[in-house]
Structure formats: C-alpha cells, structure tokens
Amino acid sequence: MGAKCIAVLTSGGDAPGMNAAVRAVVRTGLSFGMKVYGVMRGYNGLLHGDLKEMNMRSVSDIMQHGGTALFTARSPEFNTPEGVKKAAAMCREKGIDGVVVIGGDGSFRGARDLTGEGILTIGVPGTIDNDIACTDYTVGYDTALNTAMEMIDRIRDTTESHDRCSVVEVMGRRCGDIALNTGVAVGALTTLVPEIPYDFQKDVIDRIRLAQSTGKRHYIIVVAEGVGHTQELAERIQKETGIETRATILGHVQRGGAPTLRDRVVASRMGYHAVELLQNGIGNRVVAMKGEEIVDFDITEALEMPRVFDEKMYKVSAVLSI
Amino acid sequence: MGAKCIAVLTSGGDAPGMNAAVRAVVRTGLSFGMKVYGVMRGYNGLLHGDLKEMNMRSVSDIMQHGGTALFTARSPEFNTPEGVKKAAAMCREKGIDGVVVIGGDGSFRGARDLTGEGILTIGVPGTIDNDIACTDYTVGYDTALNTAMEMIDRIRDTTESHDRCSVVEVMGRRCGDIALNTGVAVGALTTLVPEIPYDFQKDVIDRIRLAQSTGKRHYIIVVAEGVGHTQELAERIQKETGIETRATILGHVQRGGAPTLRDRVVASRMGYHAVELLQNGIGNRVVAMKGEEIVDFDITEALEMPRVFDEKMYKVSAVLSI
Amino acid sequence: MGAKCIAVLTSGGDAPGMNAAVRAVVRTGLSFGMKVYGVMRGYNGLLHGDLKEMNMRSVSDIMQHGGTALFTARSPEFNTPEGVKKAAAMCREKGIDGVVVIGGDGSFRGARDLTGEGILTIGVPGTIDNDIACTDYTVGYDTALNTAMEMIDRIRDTTESHDRCSVVEVMGRRCGDIALNTGVAVGALTTLVPEIPYDFQKDVIDRIRLAQSTGKRHYIIVVAEGVGHTQELAERIQKETGIETRATILGHVQRGGAPTLRDRVVASRMGYHAVELLQNGIGNRVVAMKGEEIVDFDITEALEMPRVFDEKMYKVSAVLSI
Amino acid sequence: MGAKCIAVLTSGGDAPGMNAAVRAVVRTGLSFGMKVYGVMRGYNGLLHGDLKEMNMRSVSDIMQHGGTALFTARSPEFNTPEGVKKAAAMCREKGIDGVVVIGGDGSFRGARDLTGEGILTIGVPGTIDNDIACTDYTVGYDTALNTAMEMIDRIRDTTESHDRCSVVEVMGRRCGDIALNTGVAVGALTTLVPEIPYDFQKDVIDRIRLAQSTGKRHYIIVVAEGVGHTQELAERIQKETGIETRATILGHVQRGGAPTLRDRVVASRMGYHAVELLQNGIGNRVVAMKGEEIVDFDITEALEMPRVFDEKMYKVSAVLSI
C-alpha cells in the first residue's frame, strides 16, 4: 500500500541541487495527495521531531540556491539501533509512513535501517563527489565540477602570465571523478587520482619536459584530495624543474553556489521518482541515474556495488593535455 | 587503411565547446602520428585551400573560449555536387585523407557527400539546440542551457519583486529540449515547446489561476523559439489576467560564453573518438553520445532517425512548477 | 530631535543591491536603538499599513540576492496630496517618525512630500540606470553594467565566429551611462546614447569601413534604449555594408542577478548614512556618492540638478574601439 | 617635445584589466600617430629586446581576458643601475622615447629610474591589492573583490547548511582593502586587517556570542593575508565556542578571471591618459584615480604618500554584520 504521509530530509555533506530535490519531493507528494513534512538537520530532526508540514509555497524560491534549506548535520545518536527505533517511533507518532533521504552512502545505510523498522525509506544520491557506485551521477556533482573548473580557469590566467606551474587540489577523497573531469576541462598536464598510483618522475616531471619541448611554458596539475601532499608536490616540482610552482587547495568553495541546470534537473527528476516509489508502497531503494535514465536499486545491493573508474577517459586526458 | 593526414573544420552555427573538439582532434591526430590541418570558415576553407597545418601549440588556450577559433560560415558552393568534388580535389592536393566536421545535420550531409568522393569524413555533433536525433547530447547544449537558466534566474528577481509575469523565449526551432530543461530548472509555470501543441486557456491561464490560489504572485513562462509569438502571448496573458506581463527574447546571448565542463569534456571525448575512427580507416560516421558512452552511427542512418521528445520530463515539469 | 522609530521601503523599478540597503537601514537603526519597520510594496505598504517590525535576523541572507525582499510597486494613490497625507497619518499611527525610501527620482518626490507632512524622509538612490543627477552612482548600476557586459561578451563569441555585426540594445531611456561604459568594456565599434545625436553614415558606416581597413571582421554596436530603432538599425547596416547583422535587445535580464561587490558595499554605506541623518533629526535629503565619499543633498535641490554626460569618456571610447 | 615611439609593458604580479590597459596604450598611441611596441615579460623584455611592433589588430580580443598578454616577470637585473642604463640603451636603439609601465610600487620605482636615464616613463597602477597610496583604485582590484566575494558566497551556502563558522583568508599583505570590502559584501561577522590590531576575545569570540544571542547560527570571518594564522584562528574559535569551524585560503584564484566592467573601463581610461602625457612630453608620472577622475602624480612624490585606511567603513562593517 502506498505512503500517505511522507517526510524529506537532507543528510551528510550538503550539495548544490539538494534544494531542487527537496522541492521535487514536496511538490510531487502534495500533487499525489500526500501530507508532506520537511525534517530539519538530517536524522536529528527525525529523532527530535524537528519538522514542519510543507505546502506548495514552502519550497518556493529555494531551487536556485546552494546548500540545503532543511539544513544538515551528523547524527551519532541515529547511528545506533536505539536511535533508528526512536526515529521510527517519531515517524509513527506523526503518521509518517514514507521518508526520502537525500545524501550519500552513510545516509543510505540509515535509510535501510529505517525501512527495517517499518518506515518505507528511499535514498536520493546527493553529494558533490560522485562517489556512489550504483549511479552515474549524484546531485551536486555538476556544480562542483564547474566551480572547480572556473576557479582553475582563473588560476590559469595568472599561471600563464608568469610562466609558472600550478598544482591545484580538488575535492574527492575516495573518488577521482572531480579531478579527472576537471583535469580534462582545464587541460591539466597531469591529473592525480586516488584510484591510480602515480610515478612522480614519469607522470609529472617527464610530462612537463615533454610539454616544454613543444614550447609550452605554463602547467596546471590537478590533484584529488585523496591523493593529498599538494603543497609538498609543488615544492618537489619547483626543486626538480626550476619552474616557479604554486599550490592551491580549492576547499569548501566547491561545495556551494547556485546549482547548475543539470543538478537542478536531475535532482527534480530523482525527487519525483522517489515519491513515485513511495506511492507504490516501495521502500529500501536508492534512486540512481544510468545514462540519461532515472532508475532505482535495492539499497543493500547498491551499497555493495564496486565503483568503476573511467580508465578510457584517464587515457584520453593524457593524450589531449600536452 | 587508416588516415595519415587529417583536417578539421567547424560548420553551421557556432556552439560553445567547438574549440574543445577542435583541440581534441588536433592533439589526438598529432599523438597518433598524423599530419593535421585546421580549416578556416567551414567547407569554404576546404574549397579555397584556406587551411593551416597545426602543431601541439596551435590549439593552446582555446578550449575555455566560446565560439570557434576556426570560424564558421555557410557555403552554398559546397552544397552542390561540383562543390563537393572541388573540396575533395583540394583534400587530395593537400594529401588530406580524413576530415572531421563539427556541426549539425546540414554539416553531416556534407560529410556524407565528401566520404562519397573518397575522403573519409566523420561528423561530430556541435549545436546548442540538441536537435540531432542519433545522439543524447550535442556539444554546446549544456552551456546554452546554463546561460538561458542564469538569464531567467535574473529575470525572476525583477519579476518577483514586482509581482509580474514574464514570458521568456529561448532557442530551439524544431526541438524543445532547451525550453523543457530550462523550464524545469527555473521552475517555469508553463513551458511551451514545438513538439506539443498548447491550449492557451488550459496550459497558460488555468495554471496561473491554480498557482495564484496557492499564494503565488509571480510567474515565469518559457517558450521555445519554434513556438514563437512571444510578445503576443505576453499581451494576451496581461489582458486575460490583469497581471503585468513582460516578454523577453534571450536571443544570441545563448550561443556564446565559456563552455561548461560538460561541453568541454564531451567535446574532448568526441574529438578523440572521431580521430580513432579515421585511424582505423573508417568514414561516414557520426560520433554520438548514448547515456555516458561515446558511440558512432552511419551518417545516412543517423540523418533518418526520428527525434524522441521526453514526455515524462514534460509531465514532471508540470507537477513541480506550481 | 532624532527619529526613534523608522521605516524603510523600496520604490519604483527594482535594482540589485536594494536588499543590501534595506539590511543596512534595518541593522543600523536597531544598533542605534530605534524601532524599525519594513514596508511592503513601496508607498502602497505605507498607505495600507502593510509593514512588519524587523529584528537583526529579519534581513539575514538577503544581501546576496537581486530584486527587493520588500517588493516594489507603483502607487498612483500616493501620488496625490491626499495619498501623502494618508501615508503620513499611517506613520503617526504606527509611531514612525523617520522613513528611508530606496528608489529613483519619482520616489524622491514622494520623500519630499512626506517630509512636508512632518515625517522625516531620506532618499537613497536605487536604480540601474544611474540617471540621478546629484550622485555619481546609484545602487544597482554596477551589477547592471556587468550583466550587460557579460551578455555582450557572449554575443561577441558568436559574432566573431561568423564574421558578423551585432547591434545590442542596453537599458537607459534618458541616460546613456550603461551604454557608454558597456561600450568601452566590450570594445563596441560605436556606442549610441540619448545625450548625443548620431549620424548613421559618419558614426556607424564610416567606422565599420575604417575598422575593416585594419583587418577587423566582426563588429559590436551598443545602443541605449532611449535611442531605440535597434532592429531597424541592424537592417540598415546589413543593407549598406553587406555584413550579416543581428539585433539583440538585452531587456529585463539587466535588472536582476546577485549584486556585485560595489553595489553591496555602496548600498550598505548609503543605508547607514541615511539612518545617521534620521538619528540627527534631519529629513528631506538624498544620500549621494561623490567620488568615493558618501554625502547628501536637499531633495528639492537634487531634483533640479542637471545631469552631466561624460564627453571625455565618449571620445576615449571612439579612439580605443577600432 | 612629445614621444613619437612608445613601448608598453606589464610588470610585477599580474592583475585582471592589465590587458585593457595595454590595449588602450597601443590604440591611443597608434591613433596619435605614434609607433608602438609591446614588450614581453616586464622589464626583462626591455633589457633583451624582446618586443614586437603593434598594430590596431595586435590587441584585438585581449581585453576580456584575465592575466596579461604581454606576460610578466621579475627582473633582478633591471633593479640595478647598470640594468636601467641597459634598458634605456635598448630603448634608444629601437627609437623608443616613451614607456608605459603597468604594475605596482616596485614597477614605478623602475619607471622613475628609466625616466632618469632620459626615457619618458609613465606608471599605471595595476595590482589587485589596491595598495598604492596615490590612487583610490588600482586596475584588477574590482575583479579580485568580486571573485573573493563570489567564492565566499559559495562558502556561505555550506557554512549555513551545517551551522558552522568559516574563516576565510583573502589577499592583501600590507593593505586590508580586499578584506574590508569583501567583509562588508558577504556580511562577515568580523574582518581582520593588517592596519588594525585585533583582540581575539573582543573582536571574535564576543561578536560570535552576540550574534548567537540574536539567533544566528553560522558565521563568516574574513582575514587579510597580512594578518595570517588563518588555520590557527579557526582552531581557536572551534576550541573556544564548540562551533565546527573551517579555514579556507582563497589564494591565487583571486588573481585571475575575466575583468569586471570597472577594471576594463578604468584601465582603458588610465591607458589613454598615460599616452596623453607622453604625447605632451611628460614623464615620471603615475596615473591615478581620485573619485571618478583620472589624474596623475609625480612618481617620487607618489611613492612617499602614506596609505589611508577607511576607518569609517571598518566601523560600518561592524554595525551591519551581526
């Protein structure tokens, strides 16, 4: 039997486009005749009843803003069996029989547990890192990519004017997708990702020498957060080549900003799909994107899928960016 | 036998990301040991030998700029059997045995004809309209979408401050994809596309009334160029509802600007793929994107494929944007 | 004696930065120990008591958004002696003894009339057109300039790729400042402003010919709204020169968007200054900017000042943009 | 007697808008009938004859790009009496009797020395820091301000979503202007500048407590590079308040990017003025901006002027940003 009263929350790190997903859940739920609650500060709001009933106007003018209008927070209490039971009890008290959780893998484990306590719960992938194995795309990823690219475009102006080398660290602890795509888009001479070990001499110094031989005098090197040692790498390059080399860590700037069209549209489609599942009485699913299609997977299965790194693109990157 | 000497040109309307495709063709060709020519102003340059040999530095620092560094132009002369023969003869004179054409359907017909004259030719879809049936994505589309969205975000600020209605015309003569996606991304109350006839009372006025009943006081309506009558529509709305209504035609602004990451990355991958085909002695193919994969199709077959409009997204749009 | 309870409203056309001015008035008033009201929809809100008491958090997170969080509207009723009396009576009823009006010349006439009825009123110049004689700068102007420039930068990409001419109409009915500055910033071959009559042959055609003789193949011409005939001008140029020429009217996009730093900072300083005047028991003043200084003028005198067009910049523009 | 043949170079750190200044010098010089050289990589190019003659098209399409198309570099050799003599000799060899140097204080000392060797030299202030005492404005400052502001706007999205505190370091070693203005524009709770010592308890902790008492839950603190200790400050705040606090150093991103309108327009006017001076046979002057006027000063006097910090704005900032 389909859900009659649903709640939506954002959990884990915020990502641009989360607001579009929230808006889609709220408006789709209302248009399906459901009662809809917005839950504040992730699972915490569910634990402590910090939620408010939403109407069509509750989500007006939030889609174009970064961050999450529902706020987000970690919830150590929810990450215990007692916490999950308490949250489920709160749902029953409020009459909530379906929940949409927008977040990453950690948030999906909570969604699975909540479904286990009888509350149909759906996960929507929202994280800038694109580090969720079951989906080609996570909400926030495209905005983060474009923010990183635009910032490196700016760094390039000054790098080029001074005939320098710039080493730029972008987000991505376990997943090199931001680094790889940004590297292609800014023409990085070398891109270092956590998935592929690198050889300083071969992947950095030799490529600088090769590029120099074609007349190039400035160099951008993109490094994923998970590779690290960015400042140290810059110093080694300067020492080895004599080229003035600067390190920049882009940091939290990449998490915010008005979402790109793609983040708004994908988030809208995913939020709609999540509510369709709940309407059909289905829980414990992650909404995902495969190519241009919106699909869904069993959460438990999704959490066990291995991520696949795009080796072809990595190779293309090396060919194009001399 | 694979191509040894290739040329690249941009043809038809320019699109952001064309430079990334040109850069990818040049650098991939050079890395494969080919000689590479850049052809100026589309097929015209091929007819009149207006081309220059490229090296690794010839395409430095073009990827981040809109437009096309090779320029583009219409070529009535090339659109004749004699023109095609003359272009093929020029290719033979210069030793060019492979050509990559970046453009739209019209440009692909030229590519097919040139292959017919013995010059292996590959098409890469470059047009902001996303109106090429065989591919999910055309180079320039994502930038145009984001430009249109950002401009309508700005229009919304003033529309909202004055409790007005704004009717905004975006590009797309035959294809409503820009309108549909932009409409979702800006929360347009109604989106009018060439693929689906509309009823003024039901699709425009009734939706305004419905939104008004929920407390909404400002309205954005997105219209594809192919639907037209934008100014007239604005006047009808104002007359019918009494709400002050303004029309804006976004126009050529949508064609330019620094390409988004997606346009740069997809263009890079497509350009690489095009040269791989030529290296393998394959011509008469269009490079295309299916989901996240780069594939290719026979040009003749590609030109006959019907475009499919995303009815589901159209429906989602109507649900979300009240 | 200084004001103890003040109100702030935005009036006339909205402009980016108005929110920063509202925020400055509210927070400065509160920090001075005043009671502060926000008035909705311009003078209408004053007539009908549509206002709310503000606290420090009432203006959080509005500064970075375009438009006005207080909304704006025309008020024919206020533009009568009875309307002004009614508004003044409402002020007395609410205990309001000082008002800050953010808007243009029309709004300042209202401010003068309200002061005449015993309510100390201060005008803050907020209009994108920079058409207020007493001040070097109006809130919203810098954002509008940059928006127009960025849009024309985009148009240039496609204009250049096709060897075309583009005629672009920017805002400014009586005042050519947006056109003049945008023209310099985009390298417009010719800029047409309402303050200076133009000769089609000499100022347009001859300059195109001159630029052609230096090798230039694309041309941007900027036209202020008050000059008009943009579409017609494009057609005449194409007919006369044979160069494909397109017209674009930028329109309401120029009114919105996140305010630039300059608009936020100047608006903040002006809002602060306005409350300082009220605290000192001074009304009937317009806040203004002279160079980098914030000053103020008697409203009546300010309304009679003649605007001065920057002839030197106009000349510089012609020298630089061949 | 006026200069007949001039050269232009960019020196020191690059700044957005330098290209507009170069373009203005080149085109003004040509329009005055002068011969004009572009000098590569600062004073180095003058020492080694690395320069090229410019025509009207040499500076096409550079104005909208960050960095400097003439490149820049430090020149230890020029910073010696022999270096200056050698550069002057090269000028005489090429027939150059006037030079325009776009850069900061260090570059102006070179300009003074070159004038001393008989080559009329004019300085144009180009540096993002706004740290040149004689002028209200330096080319590049407005772009850097807006870049910093936009990045902090993004950081705010995630700071607010998580109820965090963010400490953000912006450029400015000796001069707090970027920090002060950016702080006002982003609503920083506290702004720390090199000109004014701060008290951790009073200026940071007490202000956080005060803001908390009004209901505020996220905090931005802006720190100028010259104050430093950004990471350490973040840790102290977190320790003292228990609020999760993150540090971000914006770094070299602030140096690049397409120049804002203000940087393009001021650079154009300054470049024009520099050539007017040379045409009148005047050297050893710095072009400067006072309010909205372009003026000039004796270089030696300019270098001795004390910078004045805007104490009033500092006070306004503290009032507005609770």
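For clarity, chains are labelled A, B, C and D in written order, and residue numbers in each chain start from 1.
The rule we apply is simple: contacts are C-beta pairs under 8 Å (C-beta built on N, C-alpha and C of every residue); 3 or more make two chains touch, one makes a residue touch a chain.
Every value quoted in this text rests on a predicted model; they were computed, and no experiment measured them.
Colleague: Which chains lie in contact with each of chain B and chain D?
Modeller: A, C
Colleague: For chain B, which other chain has the most distant CA centre?
Modeller: Farthest by centroid: D.
Colleague: With centres defined as the mean C-alpha position, give me the chain B-chain C separation in Å.
Modeller: 36
Colleague: Using mean CA coordinates as chain centres, what's the gap between chain A and chain C in Å?
Modeller: 39
Colleague: Using Cα averages as centroids, what's the distance between chain C and chain D in whole Å?
Modeller: Roughly 27 Å separates the two chain centres.
Colleague: Multi-chain contacts in chain A: which residues touch at least two other chains?
Modeller: In chain A, residues 153, 156, 160 touch at least two other chains, as defined above.
Colleague: Can you tell me, using the touch rule above, whether these chains form a line, ring, star, complete graph or other shape?
Modeller: ring
Colleague: Just spell out which pairs of chains touch, all of them.
Modeller: A-B, A-D, B-C, C-D
Colleague: Enumerate the contact residues on chain B facing chain C in the complex.
Modeller: That would be residues 10, 13-14, 16, 41, 65-68, 71-73, 147, 151, 153-163, 166, 246, 248-257 of chain B.
Colleague: Quick check: in the complex, which residue numbers of chain D touch chain C?
Modeller: 23-24, 27-28, 31, 55-57, 60-61, 63-64, 136, 142, 145-146, 149-150, 153, 156, 160, 181-182, 184-187, 214-216, 258, 260-262, 264-265, 268-269, 272, 290-293, 313, 316, 319-322
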